[in-house]
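Below, each structure is written out as structure tokens.
What follows is a pair of complexes built around subunit A, which joins subunit B in one and subunit C in the other.
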Partner chain A sequence: MTAIPLQLPRRLIEFTLDGQETRVPEGSTILDACRAAGKDIPTLCEGDTLTPKNACRVCVVEVEGARVLAPACSRKAEAGMTVSTDSERARHSRKIVLELLASSTDLSTTPRAAEWIKEYEAKPERFGEDAARLNEEPKVDNDLYVRDYDKCIQCYKCVDACGEQWQNSFAISVAGRGFDARISTEHDTPLTDSACVYCGNCIEVCPTGALSFKTEFDMREAGTWDESAQTETTTICAYCGVGCNLTLHVQENEIVKVTSPHDNPVTHGNLCIKGRFGFQHVQQR
Partner chain B sequence: MKKRDRTPKTYARITYPMVRDEKGGPLRRASWDEALDRAAQGLGAARGAFGMFSCARATNEMNYVAQKFARVVMGTNNVDSCNRTCHAPSVAGLSAVFGSGGGTSSYGEVDHTDLIVMWGSNARFAHPIFFQHVLRGIRNGARMYAVDPRRTSTAEWAESWLGLNVGTDIPLAHAVGREIIHAGLHNVSFIERATTGFEEYAAEVEPWTLSVAEKVTGVPAEAIRDLAHAYARAERAQLCWTLGITEHHNGTDNVRALINLALLTGHVGRYGSGVQPLRGQNNVQGGGDMGAIPNRLPGFQDILEEGVRQKFETAWDTVIQPQYGMTLTAMFEAMETGDLKAVYCIGENPAQSEADSEQAVERMKQLDYLVVQDIFLTKTAELADVVLPATAAWAETDGTTTNSERRVQRVRKAVEPPGEAREDIDIICDLAGRLGHPWKYADAESVWNELRSVSPDHYGMSYERLEEHQGIQWPCPDTEKLEPTYLHGRLWEADPAKRGRLAPFGIVKHDPPVDLTDDQFPIRLTTGRRLDSYNTGVQSGSFASPLRRGEYVELCPEDAERYGVTVGEEVRISSRRGTVQAPVWIDPGLRPGLAFMTMHFPDEVDTNQLTIEANCPIAGTAEFKASAIRIEKLPVTSTASLSASA
Partner chain C sequence: MDLHFGDSKPTDEERAAVDELLGPASTAWEGADDRTDTDLRWARGGREARERRDLLLPGLHAINDRIGWISEGALDYLCRRLTVPPAEAYGVATFYAMFAVKPRPAKVLHVCTDLACAAHGSGALCAALEERLGAAGSASGGVVWQSSPCLGLCERAPAALVIQAGAPSGAAPSRATPDAGSARDGAEPAPAPWGARPSWPAAADPAGPLRPAGAVNGAQDGGRPEGTPQEPAPRPYATAVIAPATAEALVLAAAEPQAAPPEPAAAMAVPQAGQPGLTLLRRVGVVDPYSLDDYRAHGGYTALRRAFDLGPAGVIREVTDSGLVGRGGAAFPTGRKWQATASQPAHPHYLVCNADESEPGTFKDRVVMEGDPYSLIESMTVAGYAVGASRGFLYLRGEYPRALRLLQNAIDQARARGLLGDDILGQGYSFDIEIRRGAGAYICGEETALFNSIEGYRGEPRSKPPFPVEKGLFGKPTTENNVETLINVLPILTEGGPAFKAIGTAQSTGPKLFCVSGNVERPGIYELPFGATLGELLDLAGPSPTMRAILLGGAAGGFVRPDELHIPLTFEGTRAAGTTLGSGVVLVLDDTVELPRILLRIAEFFRDESCGQCVPCRVGTVRQEEALHRIVDRTGAAAAGDIALLREVGQAMKDASICGLGQTAWNAIESAIDRLGAYK
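Showing the complex of A and B:
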């Protein structure tokens, strides 16, 4: 008989975090330790359901003795290490990263971006008006969701969610190199000609709002999107028997967006096309 | 002949009650009082000939109150739901072997298992988020085998695809069993300790050599041998199935044949090893658990046990009929004989979901009284004498539902219902009041707490704990502890007292599909789901899916060539029961002689006019998966006039 796979008890390791002795379970990242200690480190490409690609560099911290700054989201805490999250060098690096991102992409729908820009005294405007990388129209090629690549920071989260980390549909990937790199469908076809199955699991992980529900996109265009007037209620999907947890975002008694709790044992934040977008029947009033 | 309309019908919510003044007359708007008075009168007049169709889409709480209405107010066990058209054989098979009608494993175990068999299941389309657990398992090193007549998108991920002929699941399972025994890979100590009937089983499967099985199933002997050895040698293995197993005239036998393999190898009752039906409606598991089936009381307790009946009789102050009620299938037959005169149908659409749908409609027209409670004016509601507008359970009410891994989870109200629509439980209670049973429930939680008091399996699940744990799996008899994520660990106990009732092997025989193919009807039609659509499409038709392409009859390239038809060409499809028209789609995942259709667009192409109402004698499920059809090219003129009129 197989035993239940209990993991080996994880040892606690000790290291110094901003001058404080800290103990975290072996295998924790520096970011885990920071969050456990109540420290607020900015993150963009890190996602609680994904393995980070270390693309955005906004969470960098200084590790004593290391030549370069380390991304807190990926670097494992090691015994005896000395980490500064708020050193001059780390703060300066974060400031530059925010300036580069905010000057080249539209962070207007990125939660907390404005707050971080203020905190780190970043001045993205110093790169001028024409620093925008793409300057193109949002891609509206279907009625369910919109891709606005002016807002894309190429964090890879959508690619990972669509690909091998969750959905395994591989409808999108990074195309091009260097400054030409961008997220694209195969041969840059419209979504309707791609392998997309409209699960919306890419929207779920997008940190900037580059990917959004068509309902949200349209309401933002019309100026009616108002998160402060929305309620979020978690219920169970009305379709098959898997029992996915849906969080319904409701504004003025209309469902405007559907997400799923990332810590849910059934979904881990993922849904299919019916759960994500199949709510319209309730509102045929 | 039906005219084709490519835009799917969208259904508007019903916002007020409606009544019909005379048979054949129109439905007209009515007040709640008038509608409820009439419904109460109509149902009350039919005591002794009443049936309840309860809703596998509504909450546990609603199902509890609905079955209580049937049993206490109407004095009958005639209560059932659409579980009868899908997984009733799974429940019947599992409870016959293990005494409990749920899948034995949890989704999380699939992530960590070594081998996954997907038998008659296109979970990639029909249960996409379950399939993400399968993909995780595969990424973690598990091997997956797909057994399906079609090379589906699930099969694309398989180590090996066993493309069997429709309706030959038992020969294939028996051949796997025989090969395991002959290779000496069966788990002798588990068989001796935890099962009965092994000798008889071994004798039953003995004729099914690999070569005989290859002839009958069409699966190469080597592939069968490979599956047998992989399954038997795996440290842990999950055996999952969907309607490819159950929607046959011998669905329960099919289920037993699969469970036999788990008993043979000891792949049950351990972490990562189990048998798992994937269920098709958000609360079809819960509906049965709540007693909205004709043979069980809430908590899946058997009506025939006197002690159980006494408990409920005391709790409900009533007398419970000491025999099983009629299944949905039997109720439809009883409509024809006049033994069933009135039906209270909540949230079901049998006019389109039953096999041989024309016959189902004719039978419902013979009822003296039909009350339909729904969120849409479905084809079934159009037949009703009274239509009661309800709330959409999943978004407009509070309560719980139970998923395929037996996890009871909270449903919460997020939006206000439209117009005069009311909650199912309130409507049922108003009707009960008019029929002499003034029930009062403050809210869904008070219904749930009443259920907890009569169902030991749910006793430990307070709303507070459900919230805390993001749902709890039954059984949960204790308010402090949680049980293991898998069932029937008892079978591994050394102490016979703790081991409990031993699990019997099912002695089942091959029985080919009832609707035989011949020169007249040479093609085997099987049915199923697509990714973006759902059942009769009432619910999934109204969102703008870019994947939706309407109904097609799907053929393999060879058959398309043989009949000289091309993609999009309208053809006539006939079975021994009916004829429909649909355009052709070509799917290289099909094989010569095998066609596929869905039931998602019945207003466009009523596929169930073709299917056969050949029912499983144990569970009553019809053989949706195996009809014999023929395909005919339309005369050129007829096509032209059709497109002109469309």
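Showing the complex of A and C:
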């Protein structure tokens, strides 16, 4: 289902994208234009339901005449600008960003990370064995989901989803500074003592698998997690009258994870604790 | 927003510290002890409850000043008062180096280990302190010492700063609460159930008892009494600046900060003080920095009168005609910035003075603020008038206690005399200035990070566009200028734009302040017209005969060789020579200094000061430091691999970082490798 927002038609602006004249509606980002043109730009901190923080810098492109590279996810296309998405400079920065992330963070559950590392010929191991890593242990402090910050690239998506952009719970924030910065509750208290309402909307937007269902975490630990053996069924949540869409991820006839379609015009992929985690009764046999 | 709080309660002392800033809590929703029937019937919320977010940083200061660290109970109470989620407030508190969220002794000794101090033996000083006080960061005898980034005292290196939390003996901490409360009620006659949102500009409340600034120890400054008309505010904390420092002096000062010897006058940092021909420094060492009358007797406030004669558009025209460009390092034309702000339809407009001078080796703004504080207040008034602002914020770095004292005094005096507040000089223009203290974050000198810091968020830079002239502080059109840029406006108005443009070169007009430190005989602030060469400047300062390198522009700048003294000190001249003028740092290193150690220190600085927002800077600065560690004792082929790695990471930091910190974190190291032949 696609939302068709009612609004005035937008003016088209024209600019040059990789040597091609391109027309996009005013207000589009360079990334929108790239996607419309079928170009595949790596992104991590960009999310379809959130305002990008442009913190990961993996989507940088070269804008002619600019001193520095621009993040495609948040730089608006301007009439007359000339953008190259695949220039030497842009590719170099993407490669280094991937190396910096992979050398400090566990990207094993980040979709497409391995593919990009190969494509950009990134060699994270060249920083040596002593290169500082996040070295975080998974935080298992509740029955519903796990925060494994060793996999966290600090894209701010969970903070934004928890805070002003969606849930307004403000249970988490970035604490500390620089390389020591971590996503954290106040005083790093367990989630059970925090403002968390277990809506799981942070899990929905996490691009690296740092936030995951306890079921998924346990199955990965046990080595039984197998996405190829899973089916996805989108249905309607039965708890209340809102009618949120649920996508049930089922492996061996057990619900292992619940997501929600991001293109739903009402909920944009957001759920509450009941829709997200209240599926155990289905499999009480 | 449904806030969730833990069970921790503030101590009476913590509550008093917050209440002194905000007034007592009026309802149980705000954390008052007694819940009334009214509280049960209605709650407050919405915009009114949240709009005091900008008092978060002053609130954290209030707790940290009084207690020395920020406990869970204290943070929760502050959050209740301001309707801020505790997780966000924790994120803000842990962002700043001067705050602690774990218990620590009341006395914290910050020992500068940055470039100028490293060239003057801070390493040996730290080793001696380790013997006497234990390892850095370990508490002993009510003191904890820690190494610090540049304290801006480079002319007196090695430098240290002692901060003692809690009211020094003599000041009764309990008196603050009821008095501050009644003063507030008097200032705000309308029912103010939200407590202490002071009416602003606080014309009826010149003492500003709700503002934390200025409530500091006046024991230094050679015993000069503060000339405020009000009774002295309670002093929640004491500071002592020890420079040049010895281990003995530091141990003594740490034991009893209030008994520390007074700091020398600011003019001691100006070797040219009192000489004819100075423009920006002409009053430093000549006027009494506490006295408004003295300032006016030396030409003060003639520029403001001239501004009122010209009108806002006329002021902008003069500044544009003068060719003045920003002195903070980016060299943006000031007139254009003012014009762009003034012409924005959105209101209100804000003026922000960036006095968060933290670039290693930079201390010019401190010397100006300590030696001639009224000139900054007058310049801000002129700038506010030109851009159509009625509120100005002066963001002062937290490590400048004396500048804070003097500026707060200057603001109070100016307000009492009708030079700030409503209807300045009977011209119908209202403007007031509020000081906001930084808390130890270099990144807050980045203009948009500074906005976030004032607004009560983590001091992380915003992405541009939109630019501050369009959406700046509180999302409104804002002009932000460096201290030195602003004080240039005074001679522009009194002498005229064209006369100012006649000084210096065609593209770099006017006088410039240079911060000369390191291995020179007469370190300090020098004022020269743009166009003087590096050699001419160094001749004044008496460089070491065995110069090895000169760092221009600070840690974010670049090194040049001693055989490049012909470089003209202008924006275009340094650019042509492939280096930068930056903030005006000229740091001389002689052959006693181990260059690889200095480079390592620069890398450590950027690693410590990266805000952590974007990947190239957050991880890149760490990888840069690791590589420099590996090659600290290596040269030639043994270092070549790591140098190649440094270049690759450096290029990505330069190209892909969000802000100037990451973009320049590799500059100085690159120049040392390419220009000085480091590691060859």
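The rule we apply is simple: the second predicted complex is superposed on the first by the 277 of 285 C-alpha atoms of A that agree within 3 Å, B and C clash if a C-alpha of one lies under 4 Å from a C-alpha of the other, contacts with A are read in each partner's own complex, and residues count from 1 in each chain.
FYI, contacts are C-beta pairs under 8 Å (C-beta built on N, C-alpha and C of every residue); 3 or more make two chains touch, one makes a residue touch a chain.
The structure displayed is predicted, hence computed values, not measured ones.
*Asks:* Return fit or clash for subunit B versus subunit C, each positioned on subunit A through the superposition.
*Replies:* Verdict on subunit A: subunit B and subunit C fit.
*Asks:* Check the residue A:100 against both partner chains and state whether it touches subunit B (first), subunit C (second), both, or neither.
*Replies:* second
*Asks:* How many degrees, to the nearest 10, separate the directions from subunit A's C-alpha centre towards those of subunit B and subunit C?
*Replies:* Roughly 110 degrees separate the directions to subunit B and subunit C.
*Asks:* For A:271, using the defined touch cut-off, is the partner it touches subunit B, subunit C, both, or neither? Pick first, second, both or neither.
*Replies:* first
*Asks:* Go through the superposed model and pick first if A:168 touches only subunit B, second if only subunit C, both, or neither.
*Replies:* After superposition on chain A, A:168 lies in contact with both partners, subunit B and subunit C.
*Asks:* In the superposed arrangement, does A:177 touch subunit B (first), subunit C (second), both or neither?
*Replies:* Second partner only.
*Asks:* Enter the shortest inter-chain Cα distance between subunit B and subunit C once the structures share a common frame, rounded to whole Å.
*Replies:* Taking the overlay as described at the top, subunit B lies 6 Å from subunit C at its nearest C-alpha.
*Asks:* On subunit A, which stretch or stretches are contacted by subunit B in one complex as well as by subunit C in the other?
*Replies:* The overlap between the subunit B and subunit C interfaces on subunit A comprises residues 168.
*Asks:* Going by the contact rule set out above, which residues of subunit B touch subunit A in the complex?
*Replies:* 10-13, 15, 57, 107-108, 112, 126-130, 132, 135, 139, 157, 235-236, 270-273, 278-285, 375-376, 392-396, 401-405, 407, 409-416, 418-419, 470-471, 484, 492, 531-532, 534, 538-547
*Asks:* Quick check: in the complex, which residue numbers of subunit A touch subunit B?
*Replies:* 1-5, 142-144, 164, 166-168, 191-192, 196-199, 231, 233-245, 248, 250, 253-255, 261, 263-268, 270-275, 277-285
*Asks:* Considering only the defined contacts, which subunit A positions touch subunit C in the complex?
*Replies:* Residues in contact with subunit C: 53-58, 60, 68-69, 71, 74, 89, 92-93, 95-97, 100-101, 103-104, 126-128, 130-132, 153-154, 163, 168-181, 184-187, 189, 193-195.
*Asks:* Flag every residue of subunit C that touches subunit A in the complex, lowest number first.
*Replies:* Contacts found on subunit C: 1-4, 6, 72, 75, 85-91, 94-95, 97, 101, 441, 458, 463, 607-616, 618-623, 626, 630, 645, 648-649, 651-652, 654-658, 663.
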